[in-house]
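Following are the structures in question.
Paired with chain B in one complex and with chain C in the other, chain A is shared by the two complexes that follow.
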Partner chain A sequence: MTIDTTSKRKKMGGLLTAPAVVTASILAIIIIAAVVAPLIVPYNPDKLNLYESLMKPSAAHLFGTDKSGRDILSRIIFGARTTLLSSMGVVLISMIVGIPLGLISGYFGGKIDSFIMRLWDIILAFPSLLLAFIFVAAFGKGLVNAILAIGIVFIPMISRLTRSLTLTEKNKLYVQSAKSIGYSNTRILFRHILPNCVPTLITEITLDLGYAILDLAALNFIGLGVQPPIADWGAMMQEGLVYLSTNPLISLVPGIAIVLTVVSLNVLSDSIQAYLDPSQRKLPPIKKLKKQMVGELIG
Partner chain B sequence: MFKYIIKRLLQLVPILFIVSVIIFSMVRLSNIDPVSLIVGSKRSTPEIIAQVKEKYNFNKPLPVQYGIWLSDLLKGDLGDDYKNKQSIASLISQSLPVTAGLVLFSSIIALLVAIPIGIITAVKKNTWIDKCLSIITLVFVSAPGFLTGIFLILVFSHIAPSFSFTGSFSTFGEYVQRLSMPSLVLAFGMIALISRITRSSMIKEHQSSYRLTATAKGLPSRIVILKHCLKNALIPVITVFGIQIGTLISGAVIVENVFSLSGVGSLLINGINDGNYPVVQDVTIILVVIFLFLSLLVDILYAAIDPRIRYNANVSK
Partner chain C sequence: MDNILSVKDLKIDVISERGVVHAVRGVTFDLRQTEIHGFVGESGCGKTMTAKSILRLHDEEKSLSSGEILYNGMDILSLKKKELREIRGSEIAMIFQDPMQSLNPLLTIGEQITEMLRFHEKLNKKDAYIKAISLLEDVGIKPAKSRFKQYPFEFSGGMLQRIMIAIAISCDPKILIADEPTTALDVTIQAQILQLLKKLNKEKGMTIYIITHNFGVVAEICDRVSVMYAGKIVETGDVGQIFKNPCHPYTKSLLESIPKSGYHGQTLQSIPGSPPQLFEEMTGCPFAPRCSYANKLCYEKEPLAAESEKDHFYTCHYNL
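Right, the complex of A and B next:
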């Protein structure tokens, strides 16, 4: 029997499906554009130029200009920065608070579990954006407060997922072995259980990035999040609302950018989930299968 | 069953209490000075400021102010707002029909459209119609509500320029016309999600043994799908719908902004921007109460339909 050195390559091949590759590349392009934004924008996104306001798309301005004369393409590229950074902030907050608490509440159970679940019930008693509203009412408008508010709203989701994953892992043999050797609970939780939860958590986190983008865009659209002159896709849509009949691009282009990003995240998350759940994986074409089986028979 | 309802209602009480404390303290943390808002455009002398502080209890310690608010609330007195001195109850009763209509119409549209789409895509799995509809629903799940709203406004202003969806309304007919487009917009996100859930749960039911038995017995597939599979498939749909009520309420706020509807959402947003404490407090707590009761209703419906939930709840005692 030969050592199966090709298995790792085959496994990663399961992840490289067409939808996954396409959406990952779209996201990579958006991320790279956001990172090198200052180098590639044709104009300064914040520079007001009232002589050139509300221009239609032309060779000079690919998507036209908004009411203050700022080039829309440049604002879109800088808006990618705001969108990506703020949504990552939201997900990071929910992960840093939610995952440890989910692990603890799943592993120890009992009163700690009930208490933590009650906390999440209180957060979940608020319809999602409403909690963000009163947070902003309390601490003022601004991007940082919007990120904090939506981060708090997302905590229960990740925490409950981690908790249910922990409950499943808790009863497995490796945990009992670790306990019998005498490993501390912290070590078991973070070095043994958590790595096994990571694959499912990655699916959820990718989805949450998409939802975070949508919720943040909504907050920015109403005006309770980002404040001018920061370029943001949601805020740009609000600015363009008045000019819908004359210059629809001011609102539509950031909107399409949002949809593109969130669709890519959703499809990527679906692909990761399909990869992790072997029953959903599609079999390779029959010729390849036959070759594989013959190969294994011979060598 | 009755015990289940009572138990759930009792669980709501401490949650509502803590929620009211959170709402009250968050609103009071705000930097906007209420006194200047109350005095308004009149000249403010130190006497007037002292009078205002006395009348509105700003001199009392915060827990006392909270107690006053809570006891008034429980008596049904919502107080007056700071800016225009109107009764908040009347403000809310004027704006609630708009928001309630939005939520109701969009739920009905969503369920009427999404469930058939879900059934069709499940039955015709992997055909071109399934793939097409799946892509469309994927895009709508990922599109923010205000984007579909803007897009629809654009499209309709070209197709039917006389169809008015802005401005106020006086008759029921105008009410429906005014709310039709916003409800459609709000429904799109729900349609996408519910059709996907219906599809996956119908596929699951399709693979079950009772479906196999029914088909083997010779029942026409239409009856098997619609009469047997659908009932079981709808259970996760109801669960998801209950979870989505919160998103609906938040989405209604956004859609009201896009279409300039004067609903509860715009009341809340203006209250936040003005620093109108009682409006923000009262509207938020009322929305939370409505949301919690609607979720409870959905849970009870869920328990009534699926006896396994009831029995599990009793067994675990």
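Right, the complex of A and C next:
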């Protein structure tokens, strides 16, 4: 078997499977829509128009209007901005703090490990939303503080996962042989152990993105996060709860948007995970391989 | 011949859940320039622990060590972390038992060899590539250029062990420690790897410390042998001396338990009992309970090293 790994196109081939392409395009559409939102929305998302409140879907308002007469489609498009940015902010904070500290505590063990892990225990001891309340109460309400608060709440989960992955990796022989070669601890941690943890971490991160959207929505619901009239999917879902029986679309549309985003992220992360494993990446697609084999047998 | 490394009265106690294990209980030996020194013994007798301690790879937080490991006039056990890192890989290198697990699965083998060269020898990318290709050819990976870009899972165990050797010798270490390098491989590959080690020893004058529990391996490549039992060296000598004239009863029984061809219907020889637990201090000879020659003296007094012929030492009360 000869494999020409020099051509970049062939290397990318493993990533371009059907589910990956579909979900990547969904996410691309959502992100592009969020970026160019002011250009494509039919109405001003924040403009109140009480004459048109709680309208059913029509040609003028594709998904209808909410209780204040704002166009839901426009708010969904604008909401993508706040929702995506804030949930990514949450995950980014938890990653930047959680992953290095998890690596360190797993690899070195001992007192550093106990110290870091007890720190996370303290955070975990509080219900996550309560901790976020305390944080917002201390530093003032607003979107940035809500992101910081939930970001901190998310640190222990990712940090503990990284630690346990490091614990299994560090006892593997390749780490021993890296040590016997004389590599420094930093190099072993970030070049050898971390890449081997990434596949599992990616799954956790995409799941966290979904949870972050939901937790932020909860904060927004009690008015501690996004301040009205800024559009946000989570906040919109909560607003529409009252009208669920008469006008379900107000909640349903942002709900579907959240589900679509989170599911796409998960499927995409699965594909990336498979791609990151070289032994899976280098396998040509099974179906093609089978066809080829049948052709060879008959021919 | 000069000694390149001398270990003096090395003791390592490992703290485990069941108590303190005296894994290495006073090992003294010399590695001579350009020799291949074999270490033989049953599992758990301290061969690997001794080898690891030469690079200080044993878990230092969970163990206590005493004694000296002298290399170039430096005591490895008391070096600073940074000095130690400079010795690891570039002066003394190690290969492990299971080559399948010894390489990082996410990096191509080329990346792993060049990483080593760039780290220790500070070569630039291009020089490292050229040197890596020639190293791969040296250990018999062909065609080196295309295999350079492959991942560890695309190689067989024997090939991976060759690559491990290529990485280990890439910075021309003076000593190569091989911890059962052929145990995970099948017999034909085993012979090839041993030939490769022998070739390195001849051509580059590399001293090799090889751990094995196979006397066949010893007979094939070693110059000298040390037999270990219960954390101690019980007999040391030239390969010829050990095979012709084993002086310690343990060495004798080990040699007797090698299956021989041409004897049908005979039961395999084995040594009754199992090696002692190393939790408590022992009085007397540790091998006494399994020794067919043992008497009262053996249980009461620990034997000292005796010399039977030149450079042939054994620790037994009796000259058998």
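Worth a mention:
By definition in this document, the second predicted complex is superposed on the first by the 196 of 299 C-alpha atoms of A that agree within 3 Å, B and C clash if a C-alpha of one lies under 4 Å from a C-alpha of the other, contacts with A are read in each partner's own complex, and residues count from 1 in each chain.
The rule we apply is simple: a contact is a pair of C-beta atoms (placed from the backbone, for glycine too) under 8 Å apart; a residue touches a chain by one contact, two chains touch by 3 or more.
For clarity, every value in this text was computed on a predicted model and none was experimentally measured.
By the document's definition of touching, of the two partners only chain C reaches A:Leu173; chain B does not.
Touch criterion not met for A:Lys56: it reaches neither chain B nor chain C. When the two structures are aligned on the shared chain, A:Pro248 is found in touch with chain B, with no touch to chain C. Of the two partner chains, chain C is the only one that A:Ile181 touches; chain B does not reach it.
Contacts of A:Phe139 after superposition on the shared chain: chain B is touched, whereas chain C is not.
Once the two complexes are laid over each other on the shared chain, residue contacts for A:Asn196 go to chain C alone; chain B is not touched. With both structures placed on the common chain, the touch criterion links A:Lys291 to neither chain B nor chain C.
Between chain B and chain C, B contacts the larger number of chain A residues. On chain B, the positions that touch chain A within their shared complex are 15-16, 18-19, 22-23, 25-31, 138-139, 141-147, 150-151, 153-154, 157, 245-247, 249-250, 253-254, 257-258, 268-269, 272-273, 280, 284, 287-288, 291-292. Contact residues of chain A toward chain B in the complex are 118, 121-122, 124-130, 133-140, 210, 214, 217-218, 221-224, 234, 237, 241, 244-245, 248, 251-252, 255, 258-259, 262-263, 265-267.
On the chain A side of its complex with chain C, the touching residues are 2-3, 5-6, 109-110, 172-174, 176-184, 187, 191-192, 195-196, 276, 278-279, 282. In the complex of the two chains, the chain C residues touching chain A come out as 55, 57, 61, 84-90, 93-96, 98, 101-107, 115-116, 119-120, 146, 149-151, 153-154, 164, 167-168.
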